[in-house]
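The following block contains the structure, expressed as structure tokens.
When the chains are written out, they are named A, B, C and D in that same order, and each has its own residue count from 1.
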Amino acid sequence: MRIARPPRLLTFRSGGLAPILVILAVLLILLTARQPDFLSPPSLMSFLGRSAPVVLLAAGQYFVIVSGELDLSVGSLVTAQVVIAARLIDGDPSAGRPVAVLLLAFGIAVGLVNGLVTTLLRVPSFITTLGMFLILVGAVYLWSDGAPKGGLSEEFRRLGRSAFEDLPVLGRIPYALVVLLAAAAAALVLTRSDFGRTLVAVGGNPRTAELSGVRVWRAKTMAFVLSSVAATLAAVLIGGYSGVSFQAGAGLEFGAITAAVLGGVALGGGRGSVVGAMLGALTLETLFTLMNFYGVSGALRPTVQGAIILLAVAAASFRLPSR
Amino acid sequence: MTVLAVSALLVLSGCATDEPTTGASGSPSAGTGSGTGEQSKFFVRADYDKQLALLDATPTGPAGKPWEQALNPEMVETAKFKKPGPYKICFSNAGLNNPWRQVGFKTMRAEVDTHRGRISEFVHVDAEGKDQKQIADINDLLGKGCHALIVSPNTTATLTPAVEAACRKGLPVIVFDRGVDTTCPVTFINPIGGYGFGHVAAEFVSQKMKAGGKVLALRILPGVDALETRWAAAKIAFDKAGVDIVGVEFTDGDPARTKKIVNDYIQRYGTIDGVWMDAGAVAGAAVEAFEDAGKPVPPINGEDQLDFLKLWKDKKLTAIAPTYPTYQWRTPIIAALKILDGEQVPNPWKLPQPTITRDNLDEYVDPTMPPLHYAMCGCTDLPGYPRRWK
Amino acid sequence: MSGALSLPTRRTPPGVFVALVLTLAIGWIVVTLDGGRLFSVPTTVSLLHVAAGLGLVAVGQTLVIVGGSLDLSVAFVVSLSTLVAAETMAGDDGALLPAIGLTLAVSATIGLVNGLLVTAARINPFIATVGVGLLLKGYLDNGYDGPAGKTAPALVQGLGYQRIGPVPLSFLLLLAVAAAAWFVLARTRFGHHLIAVGGDPEVARLSGVRGSRVLVTAHVLCALCAGLAGVYLAGRLGAGAPRVGTEGLYDLESIAAVVLGGTALAGGRGSVVGTVGGVLLLASMDAIFNQLEVDVFFKQAIRGVIIIAAVAVYARRAMRKAS
Amino acid sequence: MSGLLPSPLLALRGIGKSFLGVRVLDGVDLQVRPGEVHAVVGENGAGKSTLMKVVSGVHQPDEGTVEFAGAPRTFRNPREARQAGIGIVYQELTLLPERTVAENVCLGREPLRRGLVDRRAMLSHTAELLASVGEGSLPPDTRVGRLGVAQQQVVEIVKALALDARLLIMDEPTAALADHEVDQLYALVRRLQEHGIGVLYVSHRLKEVFDLSSRITVLKDGRAVATLDTVDTSADRLVRHMVGRELSSYYPAPAEPQELGPVRLTVRGGGNRKLRGIDLRLRAGEVLGVGGLQGSGRSALARALFGAAPFSTGRVTVDGAPVRLRSPRAAIRAGIAYVSEDRKGEGIVAGQSVLDNALLAGRAVRLGRGGRGARTARVRELLAAVELRAAGEEQEIRFLSGGNQQKVVLARWLALAPRILLFDEPTRGIDVGAKSAIHDLVRRLACDGAAVLMVSSELPELLGMSDRIVVMRDGRIAGELPTGASEEDVVALAVGTVGEAAG
């Protein structure tokens, strides 16, 4: 039947930004209530800077989810990349660039494998990327038998750790934030591009896309590659921010997926916006900071976190058309 | 996948383990987490006192070989286990996936190599940090005709039945690191323990900082007996010193998480006067957080991992590094051979638990070793050093 | 979730058993060449014990997956139930039955919550169950620093260690539960409705099936199975273990087993028999690697490969059938 | 039988329903007597489907009363309606391909024995039902996925009857059926009447309406504008009620011979799993109709030409040049477009906007000529040209009527200026008004020099639209008919009562 839809719903077509914005606003209010100077330029800058990796991952995850798939391997990929970088660079300043190139290549390779196995071999992405997760973690531990070796050079770490200093107004802008803004802009352009729109179609109805001449396997594989590239970028930033560790990427895939869902991206594909996903990630980071400032007892944090996520997603999903 | 992460963390936290807190079997009175003022519900006064006493005890045994020394030893007869060699020694390992256990196990293998002639076969089974698997493993090993069984239990209570079963088989059982709730093993080897660790660190931090200053306690994971004891002891020391514990946070052993937490605390309290850690894993990250915030690094403790020691030396930090020495992995092999020779061995075999201070720091810093290597490995005299540990 | 995994995997219970036989055959040869014995009594017993624990969880997982849902909270449910059981018994045989009753009641309640979050609150199962998992994690972290409680000796001797020849009681329990689950799917209205809901919720609704009720029931049953696994582990370990579930990776392993068994992650098609096969396959791989003292990280990587490969094979068949 | 008036089986009084503030039903009155076939007609968007869903308990009316079997009822869900004895056959098939016929038919009310599903009873019960509708040959234990659309439709109807329904709602029941299958359906419906079952019959095919119904209610914009006795009404009158205007010449004039251009497409010995020995020539400017029974290969032919289920043998040329149509993409690049019979499953991306849907093919296959801007502009023109009725180009397509969705799909293809268009059931489930619009469009495309191949199971459409008709049977071309052929000729070829005709 023909139903002329009130404009209110139009916001939801573009990914349902309304709910996430509300949640984020509430958290920020609570935060400033406790820590008035949180929104002051210096602290805000460093907050955004350190949140950059997670936001990047969420953006990457968006492309995969909207194409109707799921990428559980990003966390392990981040860890792998950091460990690889550390071992290859091993404190040698000059090694930075070549290694960065190599990481990118490795990331793309992982994305390709994820994508091609999922599309050509018809393995559900949940399994593909779960398998990739096991493979990467296993391989990295094996390769560095149980403890990361070598170390990152200060030069390599600068991107994640340093900033443009003493600027007017803002004071300092972390390089990470600049990287993030650039990546976000690129992601936004991409989602509006033919590829971006086609990808949504692929997630919404693969059959129709196929019969309209879309190379579905290609589009989805591209999505996985984008996710892996995002992970690689995140790895460089995380490695830079806090150095080598097997924990570098632990649990990040879950963070990224939750962020996307919070941001109104529907698991199953065809709906959502990259902005939403990134806002979702920012919301999660805000939540963690909030718990720091309110001194929520460490052991109870998972409980608080779980509860808030459930509430938020429930709130969001009530307004959204069912998945 | 979160679960994978969490379980990885348990071992990754670089937390060494020590003797069981009987608090474990105490009921989980729905207490609010540690650090909210009242003492940790996992605290056991008796163990605490015993360990603090041991800190001052003088070890007996060959000088310069702490892994053969013992603190107020009580010897036990082992004649009934006397057998002619060469021996098949079996080892049921709780897990291998954290640097501490990695270094320890390498050390143990090296120790085995030094007894090539006498040990014909060394069987190692890795339980991957799963109680259930370790129970199966032990059961499995009993069918392999071992002359001696070494067990490093994953948890205390749950492994007890399996160990008892092994004892009943009549072969000498040696338990080290974490203990079991039974006296049937010939000996139980481990250093002083978590209370000692936590106490030493807390004493140092509270003494070096201004009285009544603000302390941030950074912990790896909640709910791990080893780490709970460290915190419990630290709490007592801090309360005695009357310092203000502004926060007790869990870092999941994730440096990024650590930096974020420290960062937020600096912003919230302006200055932090002391940092206490229940394990060295993220000490480096904590130090960095202060640097990035342009603040002086307050008195802090780490562990004997080389990345921290280097940082300490380079940045001339006010720091201390209590240890939970990896050389304890040598002792079980030595003990096994003694026992199979019918020699007496101490039980419990309490190893000394040295602390690295500014004075002896240089002995332990070795820039050529990997960042996560544990300096207190007592492995420098073993075959294949340093290659094997790199 | 199901939407995200729309690509077909085909039900072929025999498939997994072929793989199982091959694995055992090859494994036996390799182990023998290595000078070990794969089918020695202790090894077989250990293998079946591992299978029993995972199997109980996996059978429950099969039910929710057939219904097009998913439960990632099982690992924590297992841990919690070992504690509830062991602490209620406190080493007293008299408290055996009440303790088991309480344990099952608790896990059933958690299942109910999962179910309601998925149906009533319309939260995607992936997020919902991970969220609930976090809630439980917080409670466990906060309340326990290691094993607690003491299992009734009767349970330890019985379910924990008693065996008939090389077959542990626990494995017989698994077979019983699996048979029951199979029966439920094949011969009860609930079973038929569950499969229908998993196949196409809208069709089920239009056919007068109460989709929500069915799905909630499935989640309760899944949690009950996890609870049962907890009871068994309490018997096996002699105490409650707050991390046994997560250490055992029961959430991901159970899903892997279900998928290896040929059940479609998309729902609407499933085989309990296959799941048992999948569990046995994973367990035997464990046993073989164990005999060969294979490095655990290598093992993990291999697992990843095998899971992906297996599902790829199913997909291949499906495509052949389709074309 | 409308002579004596038994008390109504179903009585709707003043039914009103709104969605998102939009009035979809407004004060609808309607009565169905036992054993009566009551047809409901109206354009898409007139509210037919909603009305049916209200009766069957899927939706609850905002106002008005539903009276069933003499008692006022409020059905909170389909289940309650069923139990009261209201069965419904939906427009789209609501079957589970993975399950057997019996499992589908009994879904939601499986027979129990000692609390367990009684498989034997299920099978026998289903078998009886199938027999009662003259489909005894259909084995109840086959997976529905293996059945053809027509058989599935039968299962659908049997499913609706399974819980001895007293009122059966049929929403476009023939949508998926070929004409001879429709006759079976007629027989089935008459059998139902004899059992005193009331039928609420929704259809766009006026022929069926007149053949079957005793009364007709016309819906327009959510209101019941008229209820007429079938005997004393005419198609024109009905259509006037529906669209509020005379329906001019139903089909556009066929092409004059001299208008036909050069040969656009040839197939020599084309074959694959479903097709054998296909020889075909398609000329610019002509509309080639493809007839045949369900499963005769008429759809397979279109899909093969589009590369969706490619020919495995034979040679294909486009404008004289040999082409290999291995994938839709390849076909599109060769200038071929395809409008699927399954609009929901293969035509649209429900969650995306009208514009995104219209741009889909253009974005996927960039065929020269201008950049994104130009492409978008062209699509906008086309959307206007096909007289799309939507709230705006940003509206999600799933909120459009079938006819308008089809227009968007057409715009998508026209944007690529294809030289060959393949239509599979272009007007299935589309209301009379939009139907003729699409017919005109198809003809116009042909006049502009495109070659059109149109599969249709609706004989009037096939005969009315085509310049030439090929009839398929068992995957082969059974014969070819010139324009002006009769329905009988087509059916004869389709069912094979006449041998291979020349052509």
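By definition in this document, a contact is a pair of C-beta atoms (placed from the backbone, for glycine too) under 8 Å apart; a residue touches a chain by one contact, two chains touch by 3 or more.
All figures in this text were calculated on a predicted structure; none of them were measured in a lab.
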Both-way neighbours, i.e. chains that touch subunit C and touch subunit B: A
Shortest walk length in steps over touching chains, subunit B through to subunit D: 2
Between A-B and A-C, the pair with more C-beta contacts: A-C
Most widely separated chain from subunit B, with each centre as the mean of CA atoms: D
Inter-centroid spacing, subunit C versus subunit A (mean Cα positions, whole Å): 30
Inter-centroid spacing, subunit B versus subunit A (mean Cα positions, whole Å): 36
CA centroid of subunit C to CA centroid of subunit D, Å: 45
Multi-chain contact residues (two or more partners), subunit A: 130, 133, 137, 141, 145-146, 254, 297, 299-301
Touching two or more other chains - residues of subunit B: 1-2, 4, 6, 32-33, 96-97, 222-223
Chain pairs that touch, as defined at the top of this document: A-B, A-C, A-D, B-C, C-D
In the complex, subunit A residues that touch subunit C: 65, 68-70, 117-118, 121-128, 130-135, 137-139, 141-142, 145-146, 206, 254, 257-258, 261, 266-269, 297, 299-307, 309-310, 313-314, 317-318, 322-323
Subunit D residues touching subunit C - in the complex, by the definition given at the top: 58, 77-79, 82-83, 88, 90, 94-99, 103, 107-110, 112, 115-117, 119, 159
Touch list for subunit C against partner subunit A, complex: 1-9, 117, 121-124, 126-128, 130-135, 137-139, 141-142, 252, 255-256, 259, 265-266, 295, 297-305, 307-308, 311-312, 315-316, 318-319
Contact set on subunit A toward subunit B in their complex: 35, 37-38, 43, 46, 50, 53, 72, 75, 130, 133, 137, 141, 145-151, 161, 238, 241-248, 250-251, 253-254, 288-289, 292-293, 295, 297-301
Footprint of subunit C on subunit B - complex, ascending: 1-4, 6-7, 10, 20-21, 23-28, 30-33, 42, 96-97, 123-126, 128-133, 135-137, 139-140, 142-143, 155-158, 160-161, 221-225, 228
